[in-house]
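Heads up, the next two complexes both have chain A, just with different partners, chain B and then chain C.
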Partner chain A sequence: MLGILASIIDGVLVGLVYGLAAMGLTLIWGVMDVINLTHGAMIVAGMMALYLLANALGISPYLTLPPVLIGGFFVGVALYWVAIHRMVGRPPLMSLLSTFAVNLILIGVATAVWGTALFNVDVALPGVTIGRYTFPGPHILAAALAALIAGLLYVFLHYTRTGKAMRAVANNREAAELVGIPTTRLLAISVGVGVALAGVSGMLIGTLFPFTILSGDGYQLKGFIVTVLGGFGNPVGALLGGVALGLLEGLVTPFVPVSWTLVIEFALFVLVLIAFPGGIFASRRGAL
Partner chain B sequence: MKRLSTKRLCLFAAAATLFAAPAFAEDTITIGFTDSQTGPLNVDSLGQSRGYEFWRDEVNAKGGIKAGGKSYMVKFVSYDDQSVGGRVQQLYTRLINQDHAQFLFSSYSSGLTAPAAVISEQYGKIMIDSGGAEEKPFELGNKYLFMVITSATHYMSGAIAALKEKNPHAKIAMVYSDDPFSKDVMKAAKEQAEAAGLQVVMDESYAPSTTDFGPIVNKIISSNADAFMGGGHYSDGATLARQMYDQKANMKWVSILVAPADDKFGELGPAAMGVTVPSQWEAQVSYKPQFGPTTAEFAKAFQDKFNARADYHAASGYTDGMILQHAIEQAGSIDQEKVTAALNSTDVTTFFGHIKFMTDPGHHGLQEAHEMVLAQWQKVNGKPGRQVVWPTAAKSADLIYPLSASQ
Partner chain C sequence: MLRRPFFWIIALVIAVFVAAPAIGDNVELRESLALAAVYITLASNLNLMLGYAGYINFGSIVFFGLGGYICIWLVNSYAWSLAASLVAAGIGVSVLSFIFGVGILRLRGPFFALATIGIVEGVQAFVENFTPWGGSSGIYISPQVFEPLGGSARALWVIYFAFVAVMGASLYLSYAIKTSKFGLGLLAIGQNEDAAAILGVPAPRYKAYVYSASAFLPAIAGGLYFFKGAFIQPSDAFDLTLSTEAIVICMLGGQGTVTGVALGAYLYEELRGYLLTSSTFSNFQLVIAGVLLLLIVLFFPSGLMGFVYSRFPRLKRVLE
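Right, the complex of A and B next:
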């Protein structure tokens, strides 16, 4: 029984990080109807930034969060101008292909530079032990940071001028333009924030598990499931979706062979799409 | 008369050139293979490819392969298979038909070697395999496929024997990747463990794309196991080791496939300590080779050339070339049937160990003489490093058992 409880708690902790990883994906979708397929690469960029900064400069892994956040924002703005700007308002396939192309380039270059060797960042943080089960310190801290960042995003979107403008653009871009909102700049900022969130989630995941240049694909895939559970274009819902996915993984594993976990996850993905086409926690389209 | 002689001379020269051209082409042997320059198998495949290249450069520096009064320089043609099984058949067909490869080396991993072997057999081309340990392709009646490494079913034999010696009542959790190689290894390991009187309390596979092993580690703890065997390839094995350490799984024994055989595994720091890995070759084990370099010579020359320590993938890749070279020299020809016959009668010891192929139709080409060792991550001169701990006759350090409480 304690084992099941431990799995559930563990699932929730990791689920919060999954949620953060999906938040950037769903934010960009919510604002401009673009599925950013560089998301996995940006998560890996966060992991690599953590590895290089923590190992090269010898600083605490958690002190890499601000530079990853800021760096991620500027990378996102650059990504917008390179791969997304001309695709906004066009059929979704166009932006899908352009971001996929950028993803292939990024992964290709990174593989050429670093190969697909393993990277690991040692984090010495005491965990919490209940009976025979231990919840590692980095998992607890990463979950707390993910929840904090999700809260800050909510505050940003609902209580700041820029955040409100982003929501306005998401609601009705033409109307936002009519009232003088610089929509293009707002779209660039949205991608900047989305990529910054991907980078930070990568950085936090890097404190939990070893990773390779190719690790982003798995998290991007989970990001899609979380997005469906949490509601398309609803970044805060993504956090709930992440928790739901983590809970599911934690609940399923003790009872069925572990190889079934992925099958069950995707079965749920299809079921939710059928029952709730906009996602379980879907807000009104474009309301963010 | 003089003009006629010049004309004749020109004709002779032209004829000589025409006849000389094929003779020149025959003086080069083209060997084809695919490697995983990209994709998840990149790390292990790189080691194997370096082994191939190292052998080729050494052979060519010594004037090539000598057979039938000729010297054959070795030329490679290779393509990136992107770690994708679906690409290898197309690429091996191209290697044979367009690049005219006379001999083939395997890709890395069982999942890629098995489909490649279908093509090599179809065209009757010899393929020397150091990348795929799965036995199934050798049970299909293939005639031209030869494996220089120990096959999957023997991977965990040493670990089970060593564990039995330390704890005859060990309770083992077997958790492994859902791929042909890992399943082959662990199916045999389970049978061997049970035959040895050890208890297997958990036997499950996970999807190769699994990123978080937290719930799985909790399940291992709940199973009351005190020993762990499993893993698969690279990142999954490393993540398992790290999460078992972080979640204090308290295993007294941990054996993980493949990942700990790479030096980068040491980056896990304390999570790597005590982990054992079945290894096809380690630099500490010394055989008396009948030909080719000694272990020390190979390890040093490899280090000098690539500025990296040779791992077992590099050593087995080099052995592919060395065994093919030996067979061609024994056959005195590059004719496929004659070289196949020479490979069938190969029974030699190299720095990589004893090499002999099974010849009965049900297992043709399978390795029967090579033996694996068990290596364990320990502190070597204050730094993490692998020591050979089993068999005891070949050990370079004592086996640490039980592991510290956190593992």
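Right, the complex of A and C next:
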């Protein structure tokens, strides 16, 4: 019994990081109705940045967070101008295809450079032991950092001018433009923030598990599942969705072989999409 | 239908595919045309969803892979003949996708696209854990299964003609659907699903039908493809490269057109042949597909046929 409880707690810790991964996805969707299929590639970019910075420069893995955050923002702004700017307001098919194309390019180049070998970053951090069970230190710290960043995002969206303007654009782009909000610049900033969040979540996942260049797809799918659980366009819901997915993984892991987890998660994803098209924790549209 | 020139254009294309390698027993040409036929089959059937109904299916490879699995499994474990296994694969995958389709096609637009990505991952994970299908190591079949087709050399020709037949059926299916009332309903859904539904198009039912219809021929092509290789494993059967290429082909030729997709498939196959032989590019096949797709989506969203139609408006009446 205690074993299951421990597995659930660990699931929740990892789930917070999944929630962070989904937050970037849902932010971009909420602001401009674009599903960013480069999300998986951006998560991997965060992982690779962690690996390269931590191993080549020898700095502590957690010190790579600021450069990943800032770098991710600029990559996101570039992504907006390359693949998304011309697609805003066009049928969703087109933005799906353009971001999908960029994903192909990024993953293709990365595979050619690094291959598909397994990368691992050693994090020396003592765990917390309760009774017979030890919760790994990296899991606790990653969950804390994910919660902190989610909190900062909330503050940014609700208490800064840029954040408020972003929510206004999400609510009604034309009305926002009429009252003088530079919508194009805000769309670019939103993609920047979304990608930065993807990068940071990738970096945090990289401290938990080994990864390959192709790991992004699985985490992107988890991101979609979390997004669907939490409600589209609702970053706070994403955190709850992440915790829900983590809980589920924690509950399932002791009983089912690991390779089945994805099947179960996916079945859940389709069921939730059909039963609650807006997501379980969905609030009003435009509530970003 | 027999009076329409386009019917005969398709017939001509099929005749060329049959005759060109058969004259002079050109095996190299046969292999490259076989691949072109597979591309045309996959892209035409994807086009039913993507071009007609406006629904992107990132997971069309599932039809191909599952078809391959069902066919190989029936041939290997139950000693069914190839023809019977292929039909069973086609029907089986169509029925499965109809059941899936009724569920996921209630999702609209991008949500459907997300579900199709999930289906690939879900089905692949299922097959990797499914022991009757050999799990992640897959199924080998012995070369003896080629005996009923007259030995392996002759079997390859039989398989090639079967590929061409499947390709022809795909082109005729695309054409028949496009000129039918059903096709008109799909095109209306693609333009504006709400308006179509208000005007009486039974949108969810039509979408489930077309999803199921677009599974039948790719499943048969998958059966042939893996029968030819005498081996199937999950990473090959559900390799996203092929379904990605099918999307690129649809967009390159012009989504929603029958001619464009066939033309796009042929051009892409030629390009790919060149890229694979050039040592600089062979590692970058998907990168180049990505660049191509990005450029088309950004600058030429109506593809090759859009260009042809705008230059020669009269051709619009002849080339569907």
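Definition applied: the second predicted complex is superposed on the first by the 280 of 288 C-alpha atoms of A that agree within 3 Å, B and C clash if a C-alpha of one lies under 4 Å from a C-alpha of the other, contacts with A are read in each partner's own complex, and residues count from 1 in each chain.
The rule we apply is simple: a residue touches a chain if its C-beta (ideal position, glycine included) is under 8 Å from a C-beta of that chain, and two chains touch if they have at least 3 such contacts.
All of these numbers come straight from a predicted model, not from anything done at the bench.
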Combined model on chain A where chain B meets chain C, clash or fit: clash
Which of chain B and chain C A:98 touches, first, second, both or neither: second
Touching partner for A:249 - first (chain B), second (chain C), both, neither: first
Contacts of A:257 with chain B and chain C, given as first, second, both or neither: both
Which of chain B and chain C A:136 touches, first, second, both or neither: first
First, second, both or neither for A:144, with chain B first and chain C second: neither
Chain B versus chain C as contact partner of A:175, first or second or both or neither: neither
Which of chain B and chain C A:212 touches, first, second, both or neither: first
Chain B versus chain C as contact partner of A:120, first or second or both or neither: first
Touching partner for A:108 - first (chain B), second (chain C), both, neither: both
Clash with chain C (superposed arrangement) - responsible stretch of chain B out of 39-47, 111-119, 291-299 or 363-371: 111-119
Those residues of chain A which chain B touches in one complex and chain C touches in the other: 108, 217-218, 221, 257, 259, 262
Interfacial residue positions of chain A with respect to chain B in the complex: 3, 6-7, 10-11, 14, 108, 111, 115-120, 122, 127, 129, 132-136, 138-139, 208-212, 214-215, 217-219, 221-222, 249-250, 252-254, 257-259, 261-262
Of chain B, residues touching chain A in the complex: 38-43, 46, 175, 178, 204-207, 209-212, 214-216, 218-219, 221-222, 234-235, 238-239, 242-243, 246-248, 250, 259, 262, 264-265, 267-269
Chain C to chain A touching residues, read off their complex: 50, 54, 56, 58, 103-104, 106-107, 109-111, 113-115, 117-119, 121-122, 125-126, 128-129, 244, 247, 251, 283-287, 289-291, 293-294, 297-298, 301
For the chain A and chain C complex, residues of the former touching the latter: 35, 82-83, 86-87, 91-94, 96-98, 100-105, 107-109, 112, 217-218, 221, 224-225, 228, 257, 259-260, 262-263, 266-267, 269-270, 273-274, 277
